[in-house]
């Protein structure tokens, strides 16, 4: 096909139906209400997304998914960003179910994936102990005991842990190298979930494990061998997070440009002033750069090319864009943008979560340069 | 003679000690309170209690003429007072009473000064801001609130917006169009309006940092002619910010509690970096973080030195080589540096900075709150507007 | 279908191999030559020799119609050709012949195409730029060079400036005002002018990076009517850059040798960092330097991907979600990133980067030369102009 | 005096006479000519500056100087920046003679300072081996021999070494801690001076010492004990370098603003466009910030307050300003600013030297934060 930026027909179909669906189910009022609700996210929204087949786009057909390409999944994400969809698709489906797909035994996949796709089982990935997303940031301990393991530690910023049935927990097995993953019942004895009030209004939790027992069948993948697969799944998620930022950026740009066209000061629309034009193009440039890097990385995934470096560049740029786009749009708006009731502030708050989610700019820049300078690593 | 030393006499050093002793007694340990971003009733109560005690000392009107409830003291004494308040910290002065006081001292009648400066000096009357309108922000000349003469009174109709903490105030300085036929900036007057006058209604708006701003509606609001400040239709040229700097009517610039909040925030981040390990090493030893911190120190240092320069300009005139519109350049730096500063602090604190409270929050979520507040950097005119003012009035580029 | 792969057929891969074999034979090891910043006679000679060999293969007019000295090949083949040239690197195409060729292909007469494309395709005739004037840079509509009709000829009087390497050229496409009474942008025409015509005088100017630009004076310069391109008075709407992007008349964007020079410079800096110790440690292990390098990699990657997007837009139309004026956004990034890139490279190389040559120069002074060249980032319109074009034409903001 | 930005009468006098002198002796043509000349700098200019007393402003009266304050010296520097004065005052007088003043024995001062003040003796400080200005960057070796020393090493970026009579060389005595300074005859056997072509057109040299012998009397200060005094002198020089940048910035601003007012494009002066206004205020802001930090540090020197941190902040800002001011002015100018014959390019070239001279931005930021966080250090 040789250099083309047009999605194919199936991708356009998914994107258009997503836009229509979210326009209907996620108007700004619904997004605001979800952030204030006690439930982690609106159950009917999740059920609707399951009905649309979106919880299993890349899940193999034998486990109830569509077995479609990564780009087929990708097209959802700009829309999720544009509409600030209050649903944990990225964490629960892409990361959570993605890890089961990547590492699970046939039994684990059989037991879990079909339920996830149907929207009946929710997985919360509990990966970070400190907010960092490198292998070295994982410190929760799993001690071998009675043929199984006992876990102790606290996981932070766990998305939708309150609604989750199952946790995927990254830990280090005492005395062994490497990272291991465990599937743990969210209601198991010793699991305590604490909601974290946060700038984004997302259902983020601290999950503390106090002598939580899990059988050997709770291990996901090899003991100490989970990191490569985990890293690959996190790369996919990072690309989608970048796509989400790019989609939100389209909307932030619309908000800023509309305001600049219509707000009259000193007798002219403020959008006629070059200072405001600079700010609006700042939004557009950051949005465009993020979209370029994200789309390229997504394409590499489907082509089976190495993508770690490109995923990191996309997420690094997305982190910067999340800050630059919202900042610049606020500068265009001045007073009104500072008001909670104005839509822009919804984007600003969530963008702050996106900035560091799945690794902040510095983390990904450091990873990208390492992969550039030492590609073998 | 070049000097950066405010207290170079024993008298001034004694004065600083007196201020410090007062603070130690009245707000031991200091008190963080930004009325812009805080609606807690206790915060307001304690802050007002503090400022009434300051008022009782006569220090609110420190440099005002004695006949108008002031103490007639010098600009450098005022610098020292505010520097101590900012350093301590004392809570920020509630709403815009200080701005109103400079305006009244310059343009008010003898009777108005006598009457209204008293409540400001005591901190018994709080004044709200009455110029911004929904479609008239920095462009005062476009305001649409109207006032027409009716016998000995004026009748005001219209709407003001973004009135920070106006619901806490008893009075408002309201700018209204009194000559609809005049050119936009030539038909505006200023009225002193008690906010319990019939016809005034207030609706709250909430900003991203948790402060309350307000929309104030005026429907046939009647104020006596005696409440007109200065001459009719002359408010545009009188207004205190018309020179591009809010401080130009003051006897000499002084440090600001809000700006010093940045310095305190930086010190908190220092502490955080000393106490936090990342990748097994204290953050304070991370070369990237150290450079980030150094650039924040640099920006802060400039803010502090800008205050010195502005003070010198207002007291001693513009020194050669310094732009007479220095105040506007200060405002550019502050408005551009503040959000940058907040962003970098968030970056340094890391992903957990997004947590607002509870035991997993870093520094009790103060950095996050500070970050949200930084989107209020437009107050008093955007950075873009200040840039244009600096370019045209400061550098002489064509408009 | 989303694709970033230029050569996805065996035929295209064979084509890439053919280009590469040609390069290996004709310029083994590559050749750095930017005509913008280089006046060395040997450089010019070798560069022209190379391009004449390219011309002999028919590759300069690769995508042109066969009847006009082209090969009628596809846009993606052109992409591959230029990508290989850029990567190798081949010397940059001398002066603006390519731009003239697209202009002629769109607006020239059959005879003009037949005659003038030949010299470009062979690289036997070099074309200079004839629109910029001392008081008319990006604002073509303000140009003052005049041409008036005299029988079958036109007589040109006026002055052009900043003509990069014009002294190396044989012809110039000169824009002149042909209707002084029309509105500024409605009375301009384009003439093809041999530079040995009597009445033409050229004075050299030297830029900061060592390139020669020229002032060209026209005094009663007579050219036949046949040398008018398109219709009289229509040049403003014809001109190839009037859409805000120089590439819009091409069959499909292709990578650029100049942009790839940035990539090669970056690789040289990588090598420098690997081989240089500072504070006892290889620079490549310095965390601050690594972040600086990472940001340069990021900016480079964006430049490369922008080329893909622009190619797709020109060949397949604008994809949903992408601005139809994508080319202008590319130009913004390139113009803003280039000087930043050069500055950061200088910072990394350190104080010794200021040395221009000799045994104490770092990387033979190439970074310093590159830095000086980066002040030429205005060529083709400043970043500011591109921003405004993007804002008004791209985003629809009012002008 | 309590917060005042006005120079006193003596300082105004020095500044005004400097401006007048340099306006007369350093027009742009003279600056260009000096950069192309084979001599390091115009001898008559130096003689004139000596006549004005400027080579000894802060030198003690007993050694022929004026014994004046640092601020009296300071006021020269914005003018030297504004006029791009082609004379090595900063290196030869402030650093070179400054080191002799700070560390010299009475005999050394007697022998040297009076000659320097009269313009008859030129000192070139040869301090850096690598371009870096920290103590750790000094690696030239002095080996004890025959009651004296033998030096080996290469010093880079040595200003006006060609014209110099005397070199002040920083070295490490083999087997001992600390930095030592040596006074070495520039014509001594084993001293080789190599001119370095450079972006600024300054007379910079590589000076190589091959088994250069110097007697014990050539030691300036204590063996291994020169660093504290050297650092203090370099701080003063850094502040003056910042003042020079600020002064050059005033002129760069004038050039940019004049051009913006007079250059008409699209029917209006380009200075009416906010994009150009932003660029001009970029110049003004950077200039102002540099001037603030430099003046404050200079005042601290005269007050006897610690100044290392403030000097580093001033030089760090000056380095940034040198780049930002010239870049922004070029953006205002586009084509014409890129021409060698246009005055702006003269500033741009010299600013690039100033950026890293006496320590680059990173060096000084690292030093400033160290002194902020660990003031005892």
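We call the chains A, B, C and D, going by the order they appear; numbering starts again at 1 in every chain.
Keep in mind that, in the parts below, a contact is a pair of C-beta atoms (placed from the backbone, for glycine too) under 8 Å apart; a residue touches a chain by one contact, two chains touch by 3 or more.
Keep in mind it's a predicted model, so treat the numbers as computed, not measured.
Chemist: Based on CA centres, what chain would you say lies at the far end from chain D?
Modeler: Relative to chain D, the chain with the farthest C-alpha centre is A.
Chemist: Could you let me know which interface, C-D or B-C, is made of more C-beta pairs in contact?
Modeler: Output for the comparison: C-D.
Chemist: Averaging only over C-alpha atoms, locate the centres of chain B and chain C and give their separation in whole Å.
Modeler: 52
Chemist: Take the average of all CA coordinates in chain A, do the same for chain B, and state the distance between these two points in whole angstrom.
Modeler: 40
Chemist: Multi-chain contacts in chain A: which residues touch at least two other chains?
Modeler: 273-276, 278, 362
Chemist: Send over the residues of chain C in touch with two or more other chains.
Modeler: Residues 287-288, 291, 384, 387-388.
Chemist: Quick check on the complex: what are the chain D residues that touch chain C?
Modeler: Listed in rising order, the residues are 128, 130-132, 136, 156-157, 194, 196-200, 204, 206, 263-267, 273, 275-276, 279, 323, 327, 330-331, 334-335, 337-341, 345, 348-349, 352-353, 356-357, 360-362.
Chemist: Where on chain D is chain B touching in the complex?
Modeler: It comes out as residues 1-8, 11-12, 71, 78, 250, 253, 257, 260-261, 268-269, 271-272, 274, 276-278, 280-281, 284-285, 288-289, 291-293, 295-296, 298-300, 303, 310, 313, 316-317, 362, 365-366, 368-370, 372-373.
Chemist: Which residues of chain B touch chain D in the complex?
Modeler: Going through chain B, the ones touching chain D are 1-9, 12, 76, 79, 270, 284, 287, 290-291, 293-295, 297-298, 301-302, 305-306, 308-309, 311-313, 315-317, 319-323, 326, 329, 332-333, 384, 387-388, 390-392, 394-399.
Chemist: Which positions of chain D touch chain A when the two form their complex?
Modeler: Residue list for chain D touching chain A: 273-275, 278.
Chemist: Quick check on the complex: what are the chain B residues that touch chain C?
Modeler: Going through chain B, the ones touching chain C are 286-288, 291.
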